[in-house]
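The structures come next, written out as structure tokens.
You will see chain A twice below: alongside chain B first, and alongside chain C after that.
Right, the complex of A and B next:
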């Protein structure tokens, strides 16, 4: 691989370069428009229409959240921590409270663990549906844009019943969760997940088995297993390359050890594989939600936890919708952390962007790029 | 889940046997979490050993911590293993300290290529120089940012 292209001046849209051998390449600045997920730019060098060089240019939505957390009480930080990925808010929230509880030595009651898992899985479906709708519109399939966004409301309503909020819940707090299950929730959850599973079959019919999609996604943006591991990829990006790594199984947390579900992997590492991993995970999440409402134990939902962070260090991580989300948390006895290093799934998978794009045609860029489910806001924090 | 730390102890043992003079401190935080503080000039050799001999093939992240009261930065490489399935829950923190007035260390991009972005972020947010990094430029900050590295402890928000 040649050296990465130099950032082009902000005013330039494109520039041509001639190498010593006389070959001409064109450097394009793709972005930083809001491409459905937050602002970011890719600097792409093409030879003809083959991508020969890519440099991601993130940072357009950087908020300095690590600094903000350092200056705030650990409880007040919860809404801030959800902001990088509001469509996957509870999973990010979970990584935070897990790290805090680890330093505090607080055990969460079993019912609280089940409720956390319930919201996490609902969030996984919501996040994957949002991803799918953008994927649809990227590929010019307007129905696949409308349907997932419509069906996402099934789970948004359910989450509202449980937490009182549609998108950003701040539901997980150190020691447990904020609210218990409302009456009639179990029946509603079963009804909605069963309906949603029928809808997934229709998604297959209209999109995933459609040559319009398969011919554009199969063999495009291949990321080998070795490369995915070496680059530190996680989540569906890693599993799409044939590694059956999932923290819900590998480092079982919350209620996951007591639930029955499969880790979905695909061996090929192309855009199609990564898309199918997302689909499989939505099916598994439906199964998990039904198991939870069926076997949720009774008891308290929350144990009293101190609002100070004792001296200590923790590396708390969870499997969020886009991969592993972790906090490297250092406490020094006050109510604020000394350092809270926040690494999200999208940030980890940013390293895969050049790897999946190189060698593909420019027209295949949307297919390959969006299959990583890279969320600029989550990566920038 | 067992409560013993046999696996972690064995890892620490192997590291100490192979690098008796360069492992400064080891600490098992809990099951599946351990910290190893090493001499900065030997970190690359130890990283290669971790990757090739102990199976830590997956870079999980890099954190920089500013201990301004002790006048040092700490750089923490969080590494895990994908190749060895039984070790996937384990995260090893490979740590090194550099003086705050001359923050310069060797880059580990040649060992784990996935640390490239994290090292770039530590460079722009803390001002730590990584020798041998292929592209040590700003990542998140704008190109025309000329203020101090913003995540250092002595940088305050205007509203503080």
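Right, the complex of A and C next:
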């Protein structure tokens, strides 16, 4: 257990200071308008070009969504809950409806569960593709920026056929889902996932086997298994450190118990491992989508659920693209919740940012930092 | 010996990466030249609303369920109808789902941007007109040889 890093003054823009031993360090402010940090700031202290101290400074895109939820009824909250991470909208929505259904005691029909799972897995692919495109452009690989963003259209277009909207679906409602499968959806889904798997092989050839990437990612930003558990990481960050933890297997919900898929883990815990976990998950999601359109049972898609939230407490959680997303919900008998605590995967993974950056060179910062898949908007909520 | 093998493997991997990229120089583009080339959305797309004036009773459930408070109920003679402010609308279409009289409907009209804020307020009369047919013909298509691209829709 190393000593905790000393606090960095948050007002610092750029300054030098001399320690007692005579070594000079430079404090840099990366963000909040920096293309390499997103809507947040990383205050980085460097000795030469070795990072000796990092302080994440989030909160620039805080919207007070927990308070907004308290002021709206449970249906009106759905579009708001999707907003923190619109590229992963249905997974966040799923956590919300799960916690509501737990309080209400409503059981969702099996076809509704399958449709929820279908959209969740499509969303997981879309979110990982978005992550991958930003990862590519962080490392100066413009082709890897264009290709995943283009291939996202495969699934955006598919989701549009299913839900009627391209990104913010508001598709999952308490009691089930809003629409049934359109005709011809199954064939189209199989065709597109098979084509997408071919594309993933091309991604491997152009990026993941490319020495320009591997030499920058292997052995960089190592997060050991013990450290990842200690920091409370989740999602691909945790699995990239060799921990086999996935809510879809550990606490199966929706249609996951009936589906056959693997949880991908990599033992090394470096940036390359975390990147490969994302790639493996996209392959598994393609398999899941094909299984769903094959096995989907017939029947109703939605059961009638009241718009009232009875008195009670519930904790609903799902495995979103960036890790575990959960709602702690307290109902008091009205149509609005008394309190809704909303925690997302990025928020849990924020603790890993200093851990992966310390001791690395400043030039390795984009590789190590973005491999965590930290989405500032989702973390700030 | 090992460094030489490593360098040779790196050279091969980089060449493969370049060849993979070069192959795609001849791929059809994913993008469209909007608005000359327009994307055709399917029926069921959640575009702007269509209001059936004869069915609407002016009950106001649409305004109650609207998460963005973009619907106002306005009087027209003896009756009341919803009026939409599309500057706020998030196109969740909960109003369409919750309408007990099926007076609201989704349309495929998705480009409703305007130059002024006033024009974004859609009166019941304007909402009741069906969307103007535009030359939407491009669809997203995947075929195993040519890959994924936007292609003109087949004539039926």
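The rule we apply is simple: the second predicted complex is superposed on the first by the 364 of 381 C-alpha atoms of A that agree within 3 Å, B and C clash if a C-alpha of one lies under 4 Å from a C-alpha of the other, contacts with A are read in each partner's own complex, and residues count from 1 in each chain.
Note that contacts are C-beta pairs under 8 Å (C-beta built on N, C-alpha and C of every residue); 3 or more make two chains touch, one makes a residue touch a chain.
Please read these numbers as outputs of a predicted model, since none were measured by experiment.
In the superposition on chain A, contact is made by A:229 with chain B only, not with chain C. Once the two complexes are overlaid on the shared chain, A:245 sits against chain B while remaining clear of chain C.
With both structures placed on the common chain, the touch criterion links A:210 to chain C but leaves chain B unconnected. By the touch criterion stated above, A:330 is placed in contact with chain B alone, chain C being left untouched. In the overlay built on the shared chain, the residue A:67 is in contact with chain B alone; chain C does not reach it.
When the two structures are aligned on the shared chain, A:315 is found in touch with chain B, with no touch to chain C. In the superposition on chain A, none of the residues of chain A is touched both by chain B in one structure and by chain C in the other.
Against chain A, in their complex, chain C makes its touches with residues 10, 13-14, 16-17, 20-21, 30, 41-42, 44-46, 65-68, 90-94, 97, 106, 140, 142, 144, 147-148. If you check the complex, the residues on chain A that touch chain C are 72, 75-80, 143, 150-151, 153-154, 157, 160-161, 163-165, 168, 170, 178-179, 182, 191-192, 195, 202, 205-207, 209-212. Put simply, chain B touches chain A in their complex at residues 29-30, 32-33, 35, 57-61, 63, 65-66, 76, 78, 82-83, 85, 88-89, 91, 93, 112-118, 125, 134-135, 137-143, 150-151, 155, 157, 160.
Contact residues on chain A toward chain B in their complex (touch as defined above): 3-4, 7, 10, 58-59, 62, 64, 66-67, 71, 102, 229-233, 238, 243, 245, 250-251, 313-315, 317, 324, 326, 328, 330, 338-339, 341, 343, 347-348, 350-351, 380.
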